[in-house]
Structures are given as structure tokens and as C-alpha cells.
Amino acid sequence: MSTLTAVVDDLVAANRILAGLGVLDGFGHVSVRHPDRADRFLLARSLAPELVTRDDIMTFDMASTPQDGDKRTPYLERFIHGEIFIQRPDVISIVHSHAATVVPFAASAVPLKPIYHMSSFLRTGAPVFEIREKFGMTDMLIRNNAQGAALAEKLGDNSAVLLRGHGYCAVGGSIPEAVFRAYYAQVNADLQQRAIALGGRVTYLEDEEARLYDETNRGVLGRPWGLWKAKFAPKD
Amino acid sequence: MSTLTAVVDDLVAANRILAGLGVLDGFGHVSVRHPDRADRFLLARSLAPELVTRDDIMTFDMASTPQDGDKRTPYLERFIHGEIFIQRPDVISIVHSHAATVVPFAASAVPLKPIYHMSSFLRTGAPVFEIREKFGMTDMLIRNNAQGAALAEKLGDNSAVLLRGHGYCAVGGSIPEAVFRAYYAQVNADLQQRAIALGGRVTYLEDEEARLYDETNRGVLGRPWGLWKAKFAPKD
Amino acid sequence: MSTLTAVVDDLVAANRILAGLGVLDGFGHVSVRHPDRADRFLLARSLAPELVTRDDIMTFDMASTPQDGDKRTPYLERFIHGEIFIQRPDVISIVHSHAATVVPFAASAVPLKPIYHMSSFLRTGAPVFEIREKFGMTDMLIRNNAQGAALAEKLGDNSAVLLRGHGYCAVGGSIPEAVFRAYYAQVNADLQQRAIALGGRVTYLEDEEARLYDETNRGVLGRPWGLWKAKFAPKD
Amino acid sequence: MSTLTAVVDDLVAANRILAGLGVLDGFGHVSVRHPDRADRFLLARSLAPELVTRDDIMTFDMASTPQDGDKRTPYLERFIHGEIFIQRPDVISIVHSHAATVVPFAASAVPLKPIYHMSSFLRTGAPVFEIREKFGMTDMLIRNNAQGAALAEKLGDNSAVLLRGHGYCAVGGSIPEAVFRAYYAQVNADLQQRAIALGGRVTYLEDEEARLYDETNRGVLGRPWGLWKAKFAPKD
């Protein structure tokens, strides 16, 4: 099996896993940088992630333009992916989601912070992208390269960025890492909300604690990934 | 396949989808305007939506009277549908639900507002229908044309109306749009509640943002609808 | 099929339905008055409701003593059933549950109240039984007739009673009605909690509204019951 | 079937049950003291609990060192188990989890307390282990015997200990008891949170009530355990 075939299989698995875990519903998407060309990325055609198969994967350049004369309908928000891949050479995979527990933080003045080690990737924060600032009244979507670039700039060196009134993006150095972060951002949002609702003082992870765990996590990431593939990836 | 057959199939699918998504349980219903006659609508006989098949669909006139001598038991609250279809010629499909997250807003002085683009259809608000105002003490149901007309009046030009101590209705220009709105009203209610519980300032969508997305949504509605049909519609 | 066979089948269905709906887990139970003898009731042997079959049903007299020399282990708390059946001749079926959303109200000074028509049976309230009052320090269980009688007295003419630090009981004039009330008590507790958390004024059902719907409900109860049987009852 | 075989089967069942109940996801683990040697314990190799089979069980000594030349990768946090088994001769089984509802209490100044009889094992409290106190900045994991010993010391004579920014451990005198406690710690956390959010005074179990039920519980523990095995244990 070529590297490309393996990466496409992992991307299909990621689509199904994110649907299975409730991170994506009919909307949202996940991309991966092309394994042979750093200036290309792979992303499904406009389709619900739970239905994505190998044949639905399209190739894009960094302007988020479909390649190889592919005329199928792409996601309106493909520009999220191209612009983040440009500004973040370390990023290999990107998830964009509207997951229920995170959206409230995207609309709130209360910042998302890591309440346990699993969400250590939030240690530098998850800044909120306010599309009104540069683009005024919009339909909230990231519809062009200028909007994608502004979002990528707001992401900066963080692992996640929230989109006010919309959702969030999580990025990683591999497909499993991006999926892991998209999932645990959602879990952390629920846990943080519960902790706040208890009414007592809440202790978050120190930056150093989170930095140390984030390193550890790379070594154990295969464990949930293996479970998720076994449960949700296509069986063929 | 005739238009009518296709519409009936979509109405059956809508019943199953709304049950599958948890918008409807043993109660609630979904209707569609007759594709050939604007003065008729289609609605299942009194049956849990999850069990509805083609043969359970009945035809009603705008007084919500069963047609063609159909003697089967109709829903007690069929008057919701007839009266909204009369007052809103633009409406093609109506969902009535008791979904868990929305009922608290129907009982609360806190208004339901769009916290993200998916619920842009709430931009003009979801007024609360207080049945006590005109009808005093009732069993809370919409049992006749006068009550249906009062509810339709409260709905006005909005896409959803809440019924105090009861539930809500969502309307749309197509079956997929009504189902979409019924589902995302439920999701928005949960997200808004979570945002409020965080205790910080909450930013809702501006009217213009929501208006712009609502247009966009018509173009992408087929995506969740396709997923939902694949997951929940009868397979025959 | 004799009446007794039909009632036993419904009692088995009720066990499975309550497990399927999450009202009962490994604990809790549901009983029915014997259809031929008002001084006998039927209840499963000590077994998780999800596993109950026809052969697991035992017969008890009103002292909650097993009949017919049945030596199988009964539930420790069978006295709940006998004593309520004694004090409430109108009651045909009783559910005892630890369902998650209701227990907080059983521990709280905030009373459970009907937030929508489905929980109209809460209109006269759901009093909290404080076992400490008469029995001091116990293991919280209703272990004998004296404790069962005190609980039945606290239930009074209501449709539900909460047990502090323990759970609740819902009663009905038929198996479907008791199951319905046990389920919607759980739903109401969740909705009421959400409404309170919104922070605005909450409007509950007036007694007259709830009384009127409770009558209506008897006519439509067959709808959810039919759905629940189709989904959860044994197929043989 | 030898005692060891039966214990291994129960340990595999416990892995699957804890995954099925949502107490464990891709992370977390459950151990049992060796039935023939009090100075050995059994624990799966580093693998998601939902995937664990008999062949994945490894044997450790009380220093948490793999025995019999077993070269497979063990869990990083195996030291939790060895050190608790050393300090608590009464403990036969230990669950370590990151379950969602408990983590907020591990990060909060609000203590976890028994809100109903099912969580009577919390009667003496669930102390919070703050790893910073003795070990400063870490990756939050229990990576060696010193950290395991400090955690075991914090556990003391209680049935559960919370790990700040991490999760919790529940211990029991048998596999079913440890699983029961891990599960109901999670349920109690959710119920307690809901009770606090209601805003009224909350009554917790008195120590004596909880002590009495904890004894009772040993007699009825087989009921949920039987249900859980029927639902989640491997069928072979």
C-alpha cells in the first residue's frame, strides 16, 4: 500500500470517527496535507462526514482550488484548510467542527482552558476569531482566502481556534492528533462548564504541566486511535 | 414516481428522522402541504412518528378535516397545521415537537436567540404563545381552529413559535428545511443554555449575519438531509 | 390469552421499557395489581429489569409476602408495593426508580413541579419522604411494612413521591400510565432544572391546566405505549 | 475452571463493562489482585479497555514490574495499582478513570459527597490528590512508585480518590465492587452537580446511613454485575 493510499484511508477513518464521536454531524470537515507534496491537501467533496468513502476525497492546492480538473462540489469553507496549511508548516491535519459543547465558549467571554491533561493542547489558549472585526456582516462562513488567512492568523501557534457564532478548528501534527484534539476540545468544554457550574474555585493545568503532558500524549495517541478505528472506520 | 409519491416518501422519512434525532418521541408530528393542491395538507394518523409508514398518511383540508371519508383517528392537534398553512402561504412543512431542550425556554422569561449560524432561522425571534391569554384554563393542546389561528398569529413571520408549558413549532419552505429548523432549534436551546450558565457575556448573531446565513443554508441543506435519510428513512 | 397472561406480558414489557428508556438500571422495579384478586400483586424476583422474563414474575399478598411457596429471592423493597396498593385502591401499577434527573430533587429543597403538559400528573406535587423522620438512621431502603406504610402515607393522593437520598415512586391506574409517569417525571426533572438554570422567571402549569391534560392523557397514552412495546418488549 | 481463569474472565468483563458504561474511553484501566498470590496483580497491557481480551492480561509484582519476562508495553500508570495494593490489603480491585462528570470535582474546591445510597462508598469523602504538592510540575501522570505511594497515601481508608486535573480511582473488595464504585462515582458527580445547580439546600447522606447501605450493597451487588456481564462481557 502506497503512503498516499494509507493517508486516504486514515482520512476516511477520521471522517467516520469524528461522526461516530459526535464531533461532526451533517456539517464540518477534516483535511490532511498531501503526503508527497507539502503544497497540496486532501479533503472530501461536499458530503456529510459519516458518508465519506475513498472515492469522495479531492485534492486541493494551497489556494484551496480543486486539482486535476475535479468538478465535484467542494466544501464552501475549504479556505480554512489551505490558509492554515500555509501559515502553519507544522500542521498536517485540520478538523473544523460545530460541536455542541464548544460553541458556547465561542459565543462567551469566558475562555476555554485545560481542565485536565487530555486537553493539554489548550495550554496556550483557544483564541476566539470574531469575523466582524475585519469583514463586518457576513454569513459567518470562511468563504475565501482572505477570511481563511485572517482565521489562520488568529489561530497563531495555538492548537485550536474558536469561531464566534460558528464553531472551532483543531489542528495537529498527524490525523490522529487532530482528531484527538477536536474530540477532547469538545470533552473539555463540557467538563469546564460543569466545573464552573459547581460554583467553587477551579484549578486549571499550569502551562508547564500541559506542555509536559502534550509530549507524553504523542506516545500514547495510538491507543484511542486504534479503538476509534476499530469502532468506526469502514470495514473493507 | 409522481410528485405526490415522492412527497409522501419524504414525509415518512421526516417522521423517522425526527424520531431518530430525538426531536419527537411518542408525541409530536410533521406535516407537508399537498404538492398538487395548496388547500390540502398531509399528516400521519394518530401514531408515534417512529412507526409511521406511507399507509398512515392522511389528507386534510385547511379546516384540518380529514378528506376522502378517511375515518382513522387523526392527531388531536391537527389544527396547528391547517391554521399555519392558511396564514403562511410560504410555509410548505410544519413540525410540532415537545423536544426537551426547548420546553424550558417555552416556560421561561429568557428568550431563545441564535447562538450560531445553524440556528439563523431564529433571528427574528421565537415568540412564546401563552394559551391562557385568549383561552383561559385549557388542557394546553391546540384542539380547534380558533386555537390554531391564535397560535399561527403569534408565529407571525417567524420560523418558530414556542408554546408555553407545551413545546414548539418550526416551519419551513420544504420538508428538509422544517426538519432542519426543528432539529437546530433543539440544539440551539442546549447551546444557549450552556452559554448562559458560563456566566460571561454572550454574543448572539446579528440579524444581518443570520439573514445572510439563512440564504446560504438553502444551498447546503441537502447535505444533512441526505445523511439523515441514509440513517433513518425506511429502506424499502 | 387469559387476562393474567396479558397482564404478565405487559409487566415484562414494562420492565424492558423502563430499562430501555433509562428509568431503571440494575436496580428499581415495577409491579401490577393481580387482575383477578385485588389483594395480590405481581413483581419480578430480585433481578435487573432488563433481564426479566415471564418466568421471573412472583405473586405477593398485601403484606408483600411471596405466595404459592415461592422460594426465590424477592426484592428487598417489595414493601413499597404492598403498602401503596393497600392505601391506594385506585392504583394498579407502581414503579420504583433511582433515575438520575429526579434524585437531585429528592435531595433538594426545590420542589418538582410540572413544566409542561406531559408531567401534568405532578400537579398536586411530589412530596419528599424523609425516612429519618420516623426511622432515624437506616440503610435508606424500604425494608418492612412499617416503612412502606409511612412512604404510602407520604405519597397520599399524589401520583409520585420522592425518597430523599434514594429515588422516587410513580403510580398509575394502569401499567402504561405508571410507566408513562415514571418516564416523564424523569424528563420533567431535567427540563425544570434547565429552566431554573436559565435564570429568568419560570411559569409552571396551573392546577386546572394539569388536571385537564391528565384526563386527555388517558386517551392518548396508547400511542407512546405502542411505540415503547414495539421498541423494547421481548419479540416472542 | 481454575480460580485464576475465572478472575481473568471477570477482569476482561470489567474492562468491557467500564467501556460500555462510559466510565473508560480509550484511556483508564482496571486491575485485580492475583487470586493465588497477594503480592501480584493482574492488569491489561497498554490497550483501550474495550478491546481487552484474556491474552492481553499481564502479571505484575507490587513494584508494578511485569513478571515472567513479559515484554509487552504496560500502562504508564501501572504504579497506581501496585502502591494501592501495598497500602490497602483489603483492596482486591482498582479502577482508574477520567470519567467526564468526576473530573470537574477533581478541579474544583467543591467536594464530592454521596447524594444517594448508591454512592454510599463516598461517605468518608473522596480526597483530592494534588500532584504539585510533592512533585511540582509533572505531566500529571502517576509514573513511578513514589508518585503511586503518595496517591495511595491520599486515598487512605477511603473508597475513592480524585486526581486534580486528571481523573479518579475507585477501589473495592472485589472486581464487581470496584466497577460499581467507579460507575456510581460518575453518576453521583452528575447528580450532585444537578442538585447544586437547583440552588436550594442539598441534603447528603449521613455517615451512618451510608455505612449501613454500604453493607447492604454487598448483598445486592450481583444484580447490576449480572446485568452488566450480560450486556458487555465477551460472549465466547
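Letters A, B, C and D mark the chains as written, and numbering starts fresh at 1 in each.
One rule holds for everything that comes next: contacts are C-beta pairs under 8 Å (C-beta built on N, C-alpha and C of every residue); 3 or more make two chains touch, one makes a residue touch a chain.
Note that the structure is a prediction, hence the values are computed from the model and not measured.
Novice: Taking shared residue numbers divided by all residue numbers at the interface, is the value for subunit C and subunit D over half (same) or under half (different)?
Specialist: Mostly different residues form this interface, as fewer than half of the numbers used are common to both chains.
Novice: Report, in whole Å, the distance between the mean C-alpha point of subunit A and the mean C-alpha point of subunit C.
Specialist: Their C-alpha centroids are separated by 45 Å.
Novice: If you average the CA atoms of subunit B and of subunit C, how far apart do the two points sit, in angstrom?
Specialist: The separation of the two C-alpha centroids amounts to 32 Å.
Novice: Which subunit D residues sit where two or more other chains touch them?
Specialist: Expected reply: 197.
Novice: Sort the chain contact graph into one of these: line, ring, star, complete or other.
Specialist: Chain contacts: single closed ring, each chain with exactly two partners.
Novice: So which chains end up touching which?
Specialist: A-B, A-D, B-C, C-D
Novice: Under the stated contact criterion, what part of subunit B meets subunit A in this complex?
Specialist: By the definition above, subunit B touches subunit A via 114-118, 187, 190-192, 194-195, 197-206, 208-209, 212-213, 215-216, 220, 223-228, 230-231.
Novice: Spell out the part of subunit A that touches subunit B in their complex, as residue ranges.
Specialist: 25-27, 46-48, 50-51, 76, 98, 100-101, 103-110, 132, 137-141, 164-167, 193, 196-197
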